[in-house]
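Two complexes are shown next, each including chain A; its partner changes from chain B in the first to chain C in the second.
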Partner chain A sequence: MPSLEINGQSIEVETGSNVLQAAEQLDIHVPRYCYHPGLSVAGSCRMCLVEIEKMPKLAISCHIQAQDGMKVSTESEKVKQARKSMLEFLLVNHPLDCPVCDQSGECDLQNYYMEVGQYDSRFLENKIKRRKAVPIGPHVILDQERCILCTRCTRFCNEISQSNELGVFNRGNRSVIDLAPAKTLDNPYSGNVIDICPVGALTEREFRFQCRVWYLSTQESICNGCSRGCNISIHYNTSLSYKAGGKRVQRLKPRLNPHVNRWWMCDEGRFGYEFIDHNRIESPQLRAVQGKLQTSDWEQVLQEVSTGLKTTLENFGPEGIGVIASPQLSNEELYLIRKIFAESMGVQEIGTRNPWEKEGFEDDFLIRGDKNPNSRGAEELGLNSDVKAILEKAASGKIKILYIFQHNFESPEAQEMLGQAGYVIFQGTNWNKTVEVSNAVLPGATYAEKDGTFTNFEGRLQRFQQALLPLSESKSDIEILSTLARKLGYPVTYLDAEEIFREWWGRTYQELEEFGELLNGQKR
Partner chain B sequence: MSSPFVFTSENQERFQQILARYPNKRAAMLPTLHLAHEQQGHITPAVEEVVAELLEVPLVDVHEVLTFYTLYFRQPMGRHHLRLCMSISCWLRGSDRIQVHLKNKLGVKSGAITQDGSFSWEAVPDCLGACDMAPMMQVDEDYHGPLTPERVDQILEATAQGQEITTAPPPDNTKTEALPIQLISEHFGNSQARELEWYRKQGGYEGAQKALEMQPKEIVDRVTHANLRGLGGAGFPTGRKWSFVPQDTGKTIYLTANADESEPGTFKDRYLMEWDPHLLLEGIIICAYAVGIHTAYIYIRGEYLRAAQILQKAIEEAYREGVLGERVLGKDFQLDVHLHRGAGAYICGEETGLLESLEGKKGWPRLKPPFPAVVGLFGCPTVINNVETLSQLPKILLKGAEWFAGIACSHHGGTRLFALSGCVKRPGVYELPLGTSLRELIYEHGGGVLGDKQLKAVIPGGASAAILTEKDLDVSLDFDSLMKAGSMLGSGAVIVMDEDVCMVRACQNIMRFFAHESCGQCTPCREGTGWVYQILTRIAEGAGTPEDIDNLAELADNMSGTSICALSDGAAMSFRSYVKKFRSEFEYHILHKRCDVEEKKTTVNA
Partner chain C sequence: MAIKQVERDLTFRERIYILEILKALRLTARHLFRNLFVHIAHRFGLLRRLRGGVTYQYPEERRPFSPRLRTLHRLTRRQDGSPRCVACMMCETVCPAHCIYIVGGEHPDPQIEKYPVRFDIDLGLCVFCGYCVEACPEDAIRMDTGKLEFSSYSREGLIHDLQELLSRSTTPPKR
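Showing the complex of A and B:
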């Protein structure tokens, strides 16, 4: 293990580390454009030049290996001059159209220039004109003038998505990033090139001109799009959401988890946030006898639901009640459902697995066919049984009252059974086919509006955090269930998800490891 | 939509032969595109798709290669295509005038086709490597020069009518009495030397014979003791370069002969390949045997079509006669030599740019380390030697290291070829001992400055070298002396400028070349070369500002030592020297918005 000195501080690093990584271990950030830890080393932007004692020339820290006894400076005058001149060179043909650029505020050209810039331009020539605002795929817009040719995007398409849409064409200062002939940037991971583009050359079509990035707040979360459980950040804005037609969530970005998704996420997950602000059930609903659903209030709906459950329990015992929980729910919610319905009421019929839900698209990278974030969690909690039998019992009248969480039963077979069921309670986030046949509707919160954990397909327990308040009158499922439990006379006193987690997992969220924890066969 | 493309059955066969030369399909990229180009005259999107499929590479890779190199046309061109060299040596001899004439004569601008479809032409910023016939142009495969407007008319007429163009034989300046010793230039001007039989009668392949009887280690030692240095430009000791090659990796070791001669002013390797192809092959055999190599590629620049044909013929003859192949010269040593044509990119003369290109990619130089000796072609240990360096080997083997080392007037061994061009009476290739003075080369061998004018400046080692002035004429032409003089021996291309040359324009010409040839990979070179060219153009056109001069000096600093390869350093070394040594001329341009040299010329002529 080589030990070296960077800016006077000593550090020991793994053999094979480069100087840039060694500096990072000391919290020294070396400016860079082309370097990305998830891609091969290009060494072309020349921003990460550092001075190393006994070396005649500056060296690029992304390429040079850390060696024993090296003395490195990342902030010497020579280094700063080189950095300043690289920035000057990069701006030679850059349009400086920051006022209309979406990258403004999170642009590494801006950021580094603020640190070491030329400030007074001495470029008197005409800039090279190139193509601007070119849609190159369903999600990405290309601006060749803003591009600094770091080639992160082309390397991503060659090495990670392996779809080879983008290349660097021509040469010298006529070089441009563009699509290969007759190609479209439509691979399932295309959005990642937006994240890794250090400047405004590749921006997101969906996010374009929606919100300045400095108006965004960020919360750490887990993508609920499939059972991979990619670590993400939710970028949201609640103060200006009227400008976006009420849309609070502006975009999702992947968050590094070396064990799960590294730096990446798929487009399906990235752009699958619309349901959070769209088509939501905003208030409790009750169906008049043989009539339509009508907006009600929490007191009335919970009263009707608890009375229904209590009466059924008294008259028919726990066999009269069926519960269809959802692998979309968190471990904490499922734990609470199990506690209330199975342990307190004695209900036997609790399932989560929807037999009509087809396996979705799956690949050998991130995307899983199971589009639920917590199927494994449900399984670990013993709630993974098939729900068809429960629906059949509801249809045949054995189950008198059916409590369904989140599921959208679209198939004609399920619809028919639901139609024959006695009393259906729906608790979930969005209007769907199940809601249409329900008697009582309890509007729940989306994953962006609550705390909790999901267990991904390989058994990794990961925490997601609340970014937003539950929309309108909707409430977190834990709050709904706790209130209901109290109405039913069970001593449920949980204040929040973490209290349940502590009871279930024995630790606080803070104590959960940063990148999640593998269950390793522990059942609770 | 372009019409579909299929190779003719003959070309399908040739494609199979191309594939057989390389360990993977991708490496066949450039030759396959050349083949399609030959069949159809230009590369359409349909061709790109076919090539991608045949070579099993993504389409984007084909498109990158296609747009990187300049020799592939992407739309139909005239029946005959003319390339007028606009680089420094031709410019010094009046290529501007020829350009105007050509444009008026053909009635279309550079890059366009005449109405009858018979001609297309382009003025190319890169040097075509025939500065001895400056100003010159390439007509299809052949080089023609020196051009005058009348000569251009004759060439166009003859070409249009399909007649043979009678070209005066190249000036045979290489046989002057004054040349004391000729190790590698003795066959220049003698087309018999291209024949294997004749070459052998003159003692050819005896150096290789001798080598094959020695221990490889002995050869490496001998070359080291001979003090042979790389004659492509960098001047690295050849024996040491070979000794870096690890012999215990279990991987194939490759040799690539660097014949991508493109440094403006340089045309010596073309002479060697056109006049003495077997000398190069003999050198290749010696190097290959010494380092344990069984596959060699000659990477020749795409423009050198004639040289490529001559070399190819020599290779084929050598295979037929058992000089190459399973048993080289009847000995238990196998060696294959393949010719690989580039496609128009100066950067492929940089050794790792060359390797990338040979592997079928655009010529983006690699990050170092690792160096090619360890990780080179196809990831294997590789020796890269210049054509001239390899051509020196036979005599070293025959006559010994001490003899070779003793030839030079300095402590580097042997002779080298100096390509003399520009404002000089007898441009040409002169073989002289290393250490000969610049004055002797120009005045004794080159006959002095054209028109007996005053000498103003000399580039001693190709366009990348810092310019020297009259007072530097006694510098001896060897690696260390020139470095001490603030320049470099480089490729041995000596370009003479007389008193009537505007140094702002000369510098602009050279920076146009570097801006055109920068590969675009790394920031300081991509943006720096283009920017500096813009500044120089502005000064030349009378729109300079007083700050420009200091800015240029600072840009030279910023472009030095910060890039992946040496192109940027060379460009910076070059323009920095013009600004420093001819500062007053730059200032005059900026202050008076006109050129004092031009003015003086006009005054004298009036």
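Showing the complex of A and C:
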């Protein structure tokens, strides 16, 4: 364990770690472009130069191993001068088109230039023209002029996605990043090159010109695209509703979790946020006798649903009620469903897994075949009865009233069974095939609009936080279920998800560890 | 606000008023007859050195504006007539009244890249601070039209859109 001194502060670091990482542990930020903790070291940008005592020249801190007795300075005059010169050099052929660049506001060139910039230009020659605004894949757009050739993107494509689409072509000041011949950047993780690009060379096509980054707010969340449970940040804009056609969620970005997704996320999850603002059920619906769904109000719908449940319970007992919960719901909501339907009413069988849902694309990195974020959580809570059997009972008339959460039963077999079912209540977020055959529709909230926890496939309990208010008239599922329970006469007094979590898990959200906790086989 | 009261004792002459009123009437009459005389003299081309009292017959007659005066906004054009604005949203960001609404779009020319699909200024909110002009990196917005009358019968009428802003031209300040 070498111990070294950085800017006068001593620290002991693990053998093999570099000076930059050691500085990071002391909260000293060393400017860098090419260094990324998830990639190999290239040492090409020369921004992380530091002064080390008894070394003849400045050294790149990303590649020098921390050694015992080192005396490092990251802020000396010599270092600052080197940084300034490096920046001047990197900006020689940079077009400085910040006004139209989507990166501006989160661009490292801008950030470091504000600190140590050569404000008076000495460059008299003509800048080299390169290709601009080239779509190089379904999600990524390349601007070669803005590129500083840090090669983070090429290293990502070589090392992480291992698809080798990008490379550096030509030599000297004519070097450019470009696609390898006959390739497009369409690997399932291509979006990550946008995040790791420190400048505006690689930007997102979906986000292009939608909104300036300084208008965005951020909330920590968990991706609901598959059972991996990648840690993400939701970037949203609610104050300027005329931007991007009123879309609230502008983009998703991965958040570091060393145990789950590290710095990455897949494109499927990254661009799978459209359902939050699109095709939503905005108000409660009731089906008139033998008719179409009609917009109604909460009071009326909840009254009809609770009366239906109550009379069924009185006349046919808990066997007359079927509940199909969803693995899209949070642990807290599933716990509440279990509490109301199983523990208070006595409904024996509550299913979650859609038997017609096919396993999706899966690989050995992040993407899982199970496209539901909380299948494991539902399993752990014991809500794993056979959904097909419940639907069959509903079709044959044994189950009089069927309460379905979120599921989209598209298959003709399920549609037929649902058609024969007596009374179907749907609680969910988006219009789908199940809504079409439902008698009462309760609009719920998406994961961006509520607090809660998901349990990923390996049993890691992770918290996600509310970014937005439920759209229009929709409400969080906990609020809907609590109101319904009170109407049915059960003493449910939860105000928010945290209260349920405390009852279920025994601790507050604050006490939950930053990167989530493994269940370790304990059933609750 | 604190008010400072100044006590002042009136003299006997001031307290009987009549003399003070006559004093004021003398002042008014002096101005009236002086202006009458000077303006008539001006008509005959005499006494040019003397200035008469001035009233502008607005709106037929207008005061010359200072060249620095901030008047109604306009958007400038490129040589080919398209807007200079690149929808960088600097003006929208800096605007303290939040009266500028911009939506950017993809320009067919990759050298320009971005252009405003929508550019609205809500003059009902605008405080004419001129920050938008200061912030603009492209000299695309200016406040040199020399127009200050923009009243409208509705609030919607105060929202000026891209075409309207582009259609204005500058009025060189009169000297």
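In this text, the second predicted complex is superposed on the first by the 524 of 524 C-alpha atoms of A that agree within 3 Å, B and C clash if a C-alpha of one lies under 4 Å from a C-alpha of the other, contacts with A are read in each partner's own complex, and residues count from 1 in each chain.
As a working rule, a residue touches a chain if its C-beta (ideal position, glycine included) is under 8 Å from a C-beta of that chain, and two chains touch if they have at least 3 such contacts.
As the structure is a computational prediction, the values presented were derived from the model and not from experiment.
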| item | value |
| --- | --- |
| Chain B versus chain C as contact partner of A:133, first or second or both or neither | second |
| Chain B versus chain C as contact partner of A:502, first or second or both or neither | neither |
| First, second, both or neither for A:171, with chain B first and chain C second | first |
| Touching partner for A:93 - first (chain B), second (chain C), both, neither | first |
| Partner chain(s) touched by A:82 [first = chain B, second = chain C, both, neither] | first |
| Of chain C and chain B, partner touching more chain A residues | B |
| Contacts of A:262 with chain B and chain C, given as first, second, both or neither | neither |
| Residues of chain A touching chain C in the complex | 97-100, 132-133, 208-210, 212, 214-215, 240, 242-243 |
| Touch list for chain C against partner chain A, complex | 86-90, 93, 101, 103-106, 110-114, 118, 137-138 |
| Complex contact set, residues of chain B against chain A | 45, 48, 58-61, 63-64, 67-68, 345, 347, 362, 367, 515-524, 526-531, 534-535, 538, 545, 547, 551, 558, 561-564 |
| Contact footprint of chain B on chain A as seen in their complex | 41, 43-47, 49, 56-58, 60, 63, 81-82, 85-86, 88-90, 92-93, 122-126, 128, 148-149, 154, 157-158, 164-175, 180-183 |
